[in-house]
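Letters are used for the chains, namely A, B, C and D, taken in the order the chains are written, and counting of residues starts over at 1 for each.
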Amino acid sequence: MSPGAPGADSAPLLELDGVTKSFGAVAALRGVHLALHPGEAHALVGENGAGKSTLVKTLAGAHAPDAGRMTLDGRPLQLRGPADARAAGIAVIYQEPTLFPDLSVAENIFMGRQPLRGLRRIDTRAMNRDAERLFERLGVRIDPARPARGLSIADQQLVEIAKALSFDARILVMDEPTAALSGVEVERLFGVARSLCERGAAVLFISHRFDEVFDLCQRITVLRDGAWVSSDRAADLTVDEVVRRMVGREVSSLYPKQDAPLRDTLLEVRGLSRAGVFSDVSFSVRGGEIVALAGLVGAGRSEVARAVFGVDRYDAGEVRVAGRALPPGNPGRAIAAGMALVPEDRRQQGLVMELSVERNATLARRRALSRLGLLLGGAERAEARRWTRRLQVKASRLAAPVATLSGGNQQKVVLAKWLATEPRILIIDEPTRGIDVGTKAEVHRLLSELAGEGLAILMISSELPEVLGMADRVLVMHEGRVVRELPRAEADETSVMYAATGQGAIS
Amino acid sequence: MSLTDTGAPAQAAENPPPGPGRRRGLTERLLAVRELSLLLALGALILVTTLRNDRFLSGQSIKDLLLGCAILVILAVGQTLVIVTRNVDLSVGSILGLVAFATGELFLAAPGTPWPVALLLGVALGAVCGVVNGGLIAVAKVPALVITLGTLYAFRGIDYYWAAGRQINAADMPRSFLRLGNQTVLGVPALFLVALIVVAAVGFYLRSYRSGRELYAIGSEPAAARLSGIPVGRRVFAVFVANGALAGLAGVLYAARFGTLDAAAGTGLELQVVAAAVVGGVAIFGGSAYGAALGAVLLTTIGSSLAVLRIDPFWQQAVVGALILAAIGLDRLLALRMAARLRGRSAHGA
Amino acid sequence: GTTRENSGNDTGGGAQASGAANPDAKLKEGLKIAFLPKQVNNPYFTTSDNGGKEAITEIKGEYKEVGPSEASASSQVSYINTLSQQGMDVIVTSANDPNAICGALNQAKAAGAKIVTFDSDTKPECRQIFVNQVTAEGIAENQVKLISEQIGGAGEIAILSATANATNQNAWIALMKEELKKPEYSKLKLVTVAYGNDDDQKSFQETQGLLQSYPNLKGIISPTTVGVAAAARYLSGSQYKGKVKLTGLGTPNQMREYVKDGTVDGFALWNPADLGYLAAYAGAALASGQITGAEGDKFKAGKLGEFTVGKDGVVVLGPPTVFDKNNIDQFQF
Amino acid sequence: MAHDSLYAAPPSAADTEREAGRLAGLRGALGSWDAAIVAALVVAVVLAGLSVPNFATGRNAQFLLLDLVPLALLALPMTLIVITGEIDLSVASMVGLGSTLMGQLWLSSGLSLELICVLVVLLGAAFGAVNGLFVTGFGLPSLAVTIGTLALYRGLSFVVLGDQAVADFPASWTAAAVQTIPGTSIPAAVVPVLLLALVFGVVLHATPAGRALYAMGNNDEAATFAGVSVARTKFWLFVVSGAVCGLAGVFWTLRYASARGDNATGLELTVVTAVLLGGVSIFGGRGGLLGVVAGVLLLGVLRNALQLADVDANALTIVTGTLLIVSVVLPNAVADVRARLHRRRQRAHLTAS
């Protein structure tokens, strides 16, 4: 491997030229160029649906390009499947975790490459030890012998990263690896990526967070609508410039919440407890107000949201909607009472992948759309069109299965589905995870607008700027308890962090 | 910039993980418990039956038991291979019937054929049926249940067509071959030894070999398996061929054991085989070949002991059904308790 | 509502013999005669149907065999319907259920077909003739006599039957119980009836269960071909070989092995080919007007000679043949 | 254009959408598979009518339809269950148990036959509820549970009547079961089946509950989040399946005038075959009722025509199996070829431009 210095204009390790890929009528990639140089971290940015993940899957051998050339070390590269890509030294972290829930964490990491002992048997001990070493490198503790089922999204992502690292690959491709990670883990990941670069590997990094992009990468390629726009040194670019190239126009990257008159209390949660997950959680949200629930990963915010909505049961406490008690454990009743929950895991909880965009968008509203118990196609379509248009969902047609949409567009469909129920109370868990910059501002504007219309909004977010920019009040959770309530004026980076790490607990 | 952080390091410091390799994975332990409970159930059944009738534990009776379960064990183990990849093979009964009849025909056509040749040919014919199943599934990318439901009919139809209502009798087959079905080695029926070898080999393979683990990976999350470069199509194909070959083996052994063959041999066996695998815990959490084998032994023993206990014959099938329900219910209970324990301990630090 | 009390018994009575028989009528040529066994793929029925085919060839009729691949009454109904659609002159069938196929048979009759049952009967009013292999009494007598001789006239015996609801089996068993009440069998004790479901493996297991449950068991009667073969196989490979006697109804081909190795002394069966042969002639006689199915009608059945229709339209083939070491090699079926 | 691509999409896509809009009413009910299977049915009927003697007669239609009544009945709830991703293998055993219960009640209870029929349907619902409880209450895989109850219910049906058969049902009732609609040769029993099919079809395709079935078949967690009570819905589906089995048991008993422990043995596989032939995905989430009804008819027509053409039972077995395989392999193969052609065209197009 050529130990090129970062940013050196050495010969590219991997080069893509004119790569084209379409799915039916959708052209996901149109003649894309990409050159990955040894020792360099290269960012790939673009809006949702720009074709980043498709490019990644092409590199990984999971998709065969319709046209175009790939060369590795100057030699043409033909990938017939993911196994070929691995053999060529390409390790990939996909946008959605691809773990085997029934197998142990260590097996997940070393599947197909387990260390062997006599008779070509698998050496489980050595495998667990190696896994433990990898986790040490990443600075996390995950029991290698436990099954992957039940890991939180962040942990799943960490296992994926460990897996990719275990290859000691020459090319590391990471598709939004940080979307579910916290600052510390991101830093460690970057540390590892940099050390790989120092050893001459090439890194392809995808993220919607520009601070990360500029922090890690020396070169940035912009995609728009499947087409290559530019590849430049990061040093020659600014965030605004990148955004302009991505979107093709100016966008303000954040949209602060507009003040709206506060109305009556719509959601009231009192003494909510669930053994081992959260305890004695109390808060209320008024119409016109956005309350943010902040905290570290695993603080139990999502669990509270799920319990309030009725997907999970709780052991004690009560939930009141506009003064009336909501029966526990019944999402149907919660919806009827005017509540909506945009869940954090869109693939598992938010969407029915095989169903069409239209069916997904109207799924939660199907009762309201029926007349005399019968569903009428026209009303459904009109409703779906209204919301997908408002959220600018990019899909070939409304009848296309949601699975064919890009990650960010899928997220928008989830939003559309819940907004279509015209809720009074909107609980929204990581609303902009994986959403591109333009749409993010759009979502923020929408949330602000909805609050202005009198909705009570409870927002769970791991992105501090989002929390600080959008919330009227910030509730900070730590280890299953609400430890701090900060009005907008008092909420800043330090005060929230302080409370979230448990140091500011007023107990 | 994001704000979340993991409390892991602190937590882990309080709770250092035990040295690597010293403890077995939770999944593995779960399976061990599963197999243990099956053994217990089997023990209890034998005990109760023996208390009522002490001849149940006589040498002859044990020999009969072992003989009786051998074929089902082989089929259940083969089915395990298929089920762990999240597929199912409903055509095993028909493959068994076809191969059994073919074996008889072979001896009719060439009476002098030595039995090992017959055995190999039978296994090969079974494998060919497996190739048909696996090929259709791989090429057409259609759920195995549908394809094998189709070949369940198709193979049986071929068998019927071929047999055309004829029967092949013990007298048509060489003594040496028939002896295979009844012979004992150190008091253990040869048939059961064959089954034991199959169980051990498949069990060991599934647990300790890369490709064996890949089968579990495929069953656990097929899409992820594809993305991790596991040759899913090839593995699934191989699994069906292997299962076909085992069904072929079972077919030859069936011919040796029963001596009387017509085209109906093994009809309806597929449900018993799936039931054995289900009782053995395969359908619910991956499961192992050992569990499936124990499931098969348990089911056969139930059949025998009901006969010995002289349970009203009209009740027998109902009791078998109730026991299947009880077995999977127990399974579930165990799984839930394990899951509760998983939830109890955080992901970070064991 | 309709209750059992007020519904009345509207099952018609007795076999109907319509019109007058003309014993001198010639057998018609070109009769379309269909055999519908309980199940195709069953060697026993293959043999008997081939007997029927032989007879039909002799009388220059058209033979055909159809039937379900699994022994179920509902599929038989659908075959009967098909046959009556095709305008068969005679349908010769063995019923999987004495009642279930009645409606279809009556429809076929109304469409002009003559109905003959063999081996396993329906209700008498649904057919014209039942060709019985032997009388149930004949079987019961024969089987009890065989086992008594083999075990020396005293000891515990058990019966291994087919399915629990096989009509003919149950009739035989009931008559065997009657037979056992006779003084000469007073030392025989029937301990149980087990069911092997005409499934080889089940029968095998049941035999094993019998021997374990009844340590003093001296003999087993298995009046079903599947059961007797499975029981013989079990005994021949066990410590009970030769000590526990076995008899029943079996085919010589299946049992040859066990008669020769001493597991079985003797067993009985009628010749299934003759059964089919006779049924075909009975059907032809009906269709030609030689007989109507009334008691006392006489007809000639080729090589088997002359037969007389008995009560309820039953024609009996004859007493069963007993097979043992000495004669078994003369039979091939 | 970036943000509005749904509407500013390339013309071809926009066309597709407009067309989709126009056909929307049809689309829901008539997926491409449904259309194909209906077409196959029509072709089969026409071919059989032209080439098989005695096929195209009223009497034959009567026999054919009558034979299909139980199969069609069982296929209706099975379709819904399979769409939710579950399966019910115990249906045939429930028919058998319903039949023997009817026989036993008639034999010994002195109740009126009307009441007995109602009781049998209710008991069927209770058996279905046991399935439902195990599947949803205890969270067990339905394949495993219903293999267990397949044995259990069949066993119980032998317990209920033992080796007996009850056959002395009033002739007026047994005749009614096979009666035709006056002036036609269509069996009267077809009418309730059609009505039920209509009810199931409307529920599945045009009600919120039907939508929910598809959603939970694909992803039950997401369905839960959308306010669908997955467990409760599945439970009731199993109950309905049981009740319909009870009904089929009543019909079976009267049609064959015989209540026996082994009635309807093995029918479950035929039901599953018909449902899959009808285009329902065994993994759940896909398929429609029209296809299933056509699938049932196609199966019946083929069997009947082949029987009339004196094709023997063995070949029939092979045909059933092959039909099932072809029915699933063919659409995939066609889609595959089409995709390949499309890609080639695209590539040609790209190189040209």
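Things to note:
Quick note on the criterion: a residue touches a chain if its C-beta (ideal position, glycine included) is under 8 Å from a C-beta of that chain, and two chains touch if they have at least 3 such contacts.
Being a predicted model, the structure only gives us computed values, none of them experimental.
In terms of C-beta pairs in contact, A-D outnumbers the other of A-D and B-C.
Chain A and chain B have Cα centroids separated by 42 Å.
Note on chain placement: the centre of chain A and the centre of chain C lie 74 Å apart, centres being C-alpha means.
Counting only residues that touch two or more partner chains, chain D has 158, 162-163, 266, 313-314, 316-317.
Across the assembly, chain B contributes 156-157, 160, 164, 314 as residues in contact with two or more other chains.
Residues of chain C in contact with two or more other chains: 40-41, 69-70, 164. Applying the touch definition to every pair of chains gives A-B, A-D, B-C, B-D, C-D. By the touch criterion given at the top, residues 1-5, 7-11, 40-41, 64, 66-70, 72-74, 77-79, 81-82, 85-87, 97-103, 123, 163-166, 170 of chain C touch chain D in their complex. On the side of chain B, the complex with chain A involves touching residues 1-9, 11-12, 17, 20-21, 23-27, 208-210, 213-214, 216-217, 219-221, 223-231, 285-286, 339, 342-344, 346-350.
Listing the residues of chain D that touch chain C in their complex gives 53-54, 57, 59-60, 63, 67, 106-107, 110-115, 158, 161-165, 167-174, 178, 252, 255-258, 260-266, 303-304, 307-308, 310, 312-314, 316-317. Listed in rising order, the residues of chain D touching chain A in the complex are 1-7, 9-10, 12-13, 16-17, 20-21, 24-25, 27-28, 202, 206-208, 210-212, 214-215, 218-219, 221-229, 285-286, 342-343, 346-347, 350-351. Of all the residues in chain D, the ones that touch chain B in their complex are 89, 134, 138-141, 143-145, 147-156, 158-159, 162-163, 266, 269, 272-273, 276, 281-283, 313-325, 328-329, 332-333.
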